[in-house]
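All chains are identified by letter, namely A, B, C and D, in their written order; residue positions are counted from 1 within each chain.
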Amino acid sequence: MYSFKNDYSEGAHPQILNALIETNLVQEDGYGEDQYSLQAAKLLREKMNDDEVAIHFLTGGTQANLTAIAAFLRPHEAAVAAATGHINVHETGAIEATGHKVLAVPSGKDGKLTPTGIQSLLDAHPDEHMVKPKLVYISDTTENGAVYTKKELEALNAFCKNRHLYLYLDGARLGSALTSPANDLQLSDLPKLVDAFYVGGTKNGALIGEALVICNDALKDDFRFIMKQRGAMLAKGRLTGIQFLVLFRDNLFFDLAAHANAMALKLSNAIQEAGYAFLTPPVSNQIFPILPHSLLDTLHQQFHFFDWEKIDHEHSAARLVTSWATKEEAIDAFIASLKEKVTR
Amino acid sequence: MYSFKNDYSEGAHPQILNALIETNLVQEDGYGEDQYSLQAAKLLREKMNDDEVAIHFLTGGTQANLTAIAAFLRPHEAAVAAATGHINVHETGAIEATGHKVLAVPSGKDGKLTPTGIQSLLDAHPDEHMVKPKLVYISDTTENGAVYTKKELEALNAFCKNRHLYLYLDGARLGSALTSPANDLQLSDLPKLVDAFYVGGTKNGALIGEALVICNDALKDDFRFIMKQRGAMLAKGRLTGIQFLVLFRDNLFFDLAAHANAMALKLSNAIQEAGYAFLTPPVSNQIFPILPHSLLDTLHQQFHFFDWEKIDHEHSAARLVTSWATKEEAIDAFIASLKEKVTR
Amino acid sequence: MYSFKNDYSEGAHPQILNALIETNLVQEDGYGEDQYSLQAAKLLREKMNDDEVAIHFLTGGTQANLTAIAAFLRPHEAAVAAATGHINVHETGAIEATGHKVLAVPSGKDGKLTPTGIQSLLDAHPDEHMVKPKLVYISDTTENGAVYTKKELEALNAFCKNRHLYLYLDGARLGSALTSPANDLQLSDLPKLVDAFYVGGTKNGALIGEALVICNDALKDDFRFIMKQRGAMLAKGRLTGIQFLVLFRDNLFFDLAAHANAMALKLSNAIQEAGYAFLTPPVSNQIFPILPHSLLDTLHQQFHFFDWEKIDHEHSAARLVTSWATKEEAIDAFIASLKEKVTR
Amino acid sequence: MYSFKNDYSEGAHPQILNALIETNLVQEDGYGEDQYSLQAAKLLREKMNDDEVAIHFLTGGTQANLTAIAAFLRPHEAAVAAATGHINVHETGAIEATGHKVLAVPSGKDGKLTPTGIQSLLDAHPDEHMVKPKLVYISDTTENGAVYTKKELEALNAFCKNRHLYLYLDGARLGSALTSPANDLQLSDLPKLVDAFYVGGTKNGALIGEALVICNDALKDDFRFIMKQRGAMLAKGRLTGIQFLVLFRDNLFFDLAAHANAMALKLSNAIQEAGYAFLTPPVSNQIFPILPHSLLDTLHQQFHFFDWEKIDHEHSAARLVTSWATKEEAIDAFIASLKEKVTR
């Protein structure tokens, strides 16, 4: 049974494994001070046209989020997220465990934040009897597969600057976002538009690894102390450094994400042709078709994927996720099953 | 220049890299629920002759320590460590960042804790104006390369049970400890002697990974929640699972550690023959010869290693670390340099 | 200008001040081990017909809540509160600062929690990627002045027991609740119905002080350690002990609350007679009449009180708070102003 | 039996109780925004000849310390204290519970810190694998009754400025320090010499209350948020405001401390005349005479006081504490008992 459950079902792209083998016996310093990590950071700065951003490699999204937020905020300051935001729901209170409240803004189906939504929350937090909203957390793609446009991000950036808020972007699926047909942002736009973000490796072809990029000078000091304190500094830092070197030395990071998106697009086109709608427009490697339960039952016999949300008595939205490793035959097989069931 | 700076200068043992390649495209569930992680946990339980221990894979020592201690203690309870203990000195306050004080017991050159030392500390903490010592943290090997005997560990176990203390063993270098000439413990002894411990992979041939073993039933509940909360649960949990499967399916874990110890023994024998003493008896893969500064200067020109502690105006103790990857030629070259300098 | 802004505008009931004077030079032990605190705890246990409850005196509601919740929960466990709950909104993230997420349940105008609301939240937290709801936080009276009935509390108690949740009651205004016309609970019912609660002194005639009552044996251990750690243990613990002794040696606690309620009732009756509705039924010492802006403007010239919530373009709900110290002349004056304005 | 156990055995100075009575029914705003608190802060700024210091009233020493340190430090920064320092030993890990390590410097019998001692600790904390020492915590008087001279404090101030460390002074017994014969500091010197300190009320005639003074502008922002978050903001903030107004409107604060010191001096002179030595020179309201066990046994039958430290098989140091409330007759009785026993 082929799985569309997530984009971390397989290991890593072969070029990454090869690089690990080739470098295996080279002796390097530990804790992120190896040549590979230093080169990967330099390379990322080049790709972003920004010599000043600080770059640190961590092992996962929750770890990146909690380490960054713990480093950036004072105790009474809170993070603002969409109600569906990963830090609000799916990190087992990791942010609160560092002492900070996560303030949830009701969000639409797309999971995006807007200045209006954040402003409502600011209005409700006027004084010292309440936490002080200080960091706005967004994800691109969002938890619901949506993509921010450049205009939307510029509006958030202007709003946050004006309200003295930090803007932080969770890029667990940034590859998919930047190669989406709905996207008009470039990687090099981000340092100008957010205070910090991370480039997700784990869900785009790496074994493990996220590259945190700190753009705002005021947030850079002593970050390695905080990483070490949170258990986020690897003795063999080379492991993440080498992977990001491979992902960015040519265009691999973008190629892999583009493949995932292309597979999702093929799938969503077929689903649309079969007459089905989507919970949110299918623009990235996570798509949410609304399908009848009878069809879902049939598909579940052949494929692994999650049911996401019940829509009515006869329909639910499924979540189908593609990745750098998704085989086109699997997509074709899924489409065939769908069509067969529909036409019967 | 060859490096004896640490045991994490290289990547991973080739068998591990091969296993990553062989399994690379097999689709698996995430977050430690993949078949490899489940099999590795089963295998470790078999090797320990204990069906009941809970096993979780984490990515580093600091992370394992902070996650375990956060899970095990109530807010007012403290960890007790040797003054030289890793959690007391070299984890950037990771334990305190989870809210718990680390109480330091003065320790000898070997870095070991004894019931007497712990009792003094208990005596000094009689009431609720002070924290409550609750978890005893030891390392095997210690930060100074010493090894606990079975008798010593039994004494600590009896003492801790009697005083209602948990005994936790940091096994970052457990491989080296269990294959040391000074050792009479077996891996399968540990579940009977401590409440929890971890088996270090990173410093014994893995790319990354530590296997936390929770022996005391009272400490097992909901540990995966705490892992997730601390950013210690990998999306691609297979990465650590596969590695421990390789390390323990045959005898690789012990073979690699035995090699590291053999290399250190060869080195220490030669140093002893050349007439030099050691800060602590050389019994594991970290040795601390006391050498004249002139000799150190010469050796530093050919090899990377750390000076550890100044002894007097003319001598310092160096720290030389061998590993699974240490080449015998490098040992021979070091010995040759040493002898050449000495005989001149 | 007379103030109806809150129930902590004045000092303390004269009997309390007298007791402080009478006992002033008696030498006592510190940190809550004085005879007054011990006697007050004994007295409270008698009033509750429960020899086993543990009683601790703290200095304020936020402190009581954060100390109790920090003592009761493991790191991944969360508190469940109404969205309007004090710990969710008005304690500057005090609970999160101890590491725990507060999960908000949408609540009606009355600010009460129900089993149905809590069950929805449990359903949304099925696994270790999310925090584990463990403690249900309610207030009596609620932040909106409502009062729990015995039947409602029994239902919550049964639900929580069944779901292995702790039930915790914030009694900042418990005096007003227990003497409300809407109430059918007695103080001695509470130890059977909740796992812990506190009896609010500060808002019912004391200078300072809340009596935390821990009913569930499993939550009693080492609470004094946690108090000390959170800065909640007073050197002169006598200060809170003496006050609770005075409040409960006769019936003063209930008499003072009954006076506050009577004053609020007189006020709400007059407001109702004048033809105005309330945001929530006026049953305790906080009432929320919905008044035209023109009338509010007039009243604000003579009295201090807070506007609570805008209802429509012409009306807002005001919050009027009475207390043990409220003078009936002030109530009469308010009513006179109201009537004068209305009849003109 | 008269008690010399501590300086918080009685209630408050009568002038304070009178002021509470006189102001009792005046309606005031809550949470420290009452007129008394505002006036008391203004008055303290005048006494310090400093218009810019920020002043906040808290309820106890542990609370003041933990709130200040939580407000001042980033997560990886640590407090430096004498090994005997209150935050290191007697606050049940309150600082660690806010996430910060306390680094202990071995101190002499007097409990003072020196630049040399702090420098050793800085030398041992060179990089991000260790916490970053950032705040130096001292007490005046120290836990052992010693008093800092102006020169000593100037040296610490210069050292801390040079090393970018904050200097924080715990003034639980600042009154006794400033009126000690060993003292040459004035209250108005402190804002120039430390970054923050608190003026202890609880141990010098108040029922409850410490006035935190933040001198360094960089540490002032949003302190009320942190107070509220830590449960340190009283609804009836007037309680502490009124007390400090009374303590400082004339010279009461200093008069009370001078009385305590005078009583201790009378006691220590008699003890010296009787031929006994002291653990540390008796210069404040805590004195530590070294007495034979037989004499201690006799005195314990008539007076309450703590044995502090065993000196040898026949002697222990006792701790005798005087206060604003100490009666001279009690001192005379103690001296009489001592002499009687000695001459027999």
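A few points about this structure:
As a convention for this text, a contact is a pair of C-beta atoms (placed from the backbone, for glycine too) under 8 Å apart; a residue touches a chain by one contact, two chains touch by 3 or more.
Since we're looking at a predicted model, the values are computed, not measured.
Put simply, the chain farthest from subunit C by mean CA position is B. The greater number of contacting C-beta pairs, out of the two interfaces A-D and A-B, is seen for A-B.
Subunit A and subunit C have CA centres that are 43 Å apart. Taking the mean of the C-alpha atoms as each chain's centre, subunit A and subunit B sit 34 Å apart.
For the pair subunit A and subunit D, the distance between mean C-alpha positions equals 51 Å.
Among the residues of subunit D, those in touch with two or more other chains are 75-76, 91-93, 97-99, 128-129, 131, 225, 228-229.
The touching residues of subunit B, counted against subunit D in their complex, run 75-76, 78, 89-93, 96-102, 104, 128-131.
Note for the complex: subunit B touches subunit C at residues 31, 70-71, 74-76, 98-99, 128-129, 131-132, 222, 224-229.
The touching residues of subunit C, when paired with subunit D in their complex, are 2-3, 5-6, 8-12, 14, 17, 20-21, 23-30, 59-67, 91-94, 97, 202-203, 207-208, 225, 228-236, 238-239, 304, 325.
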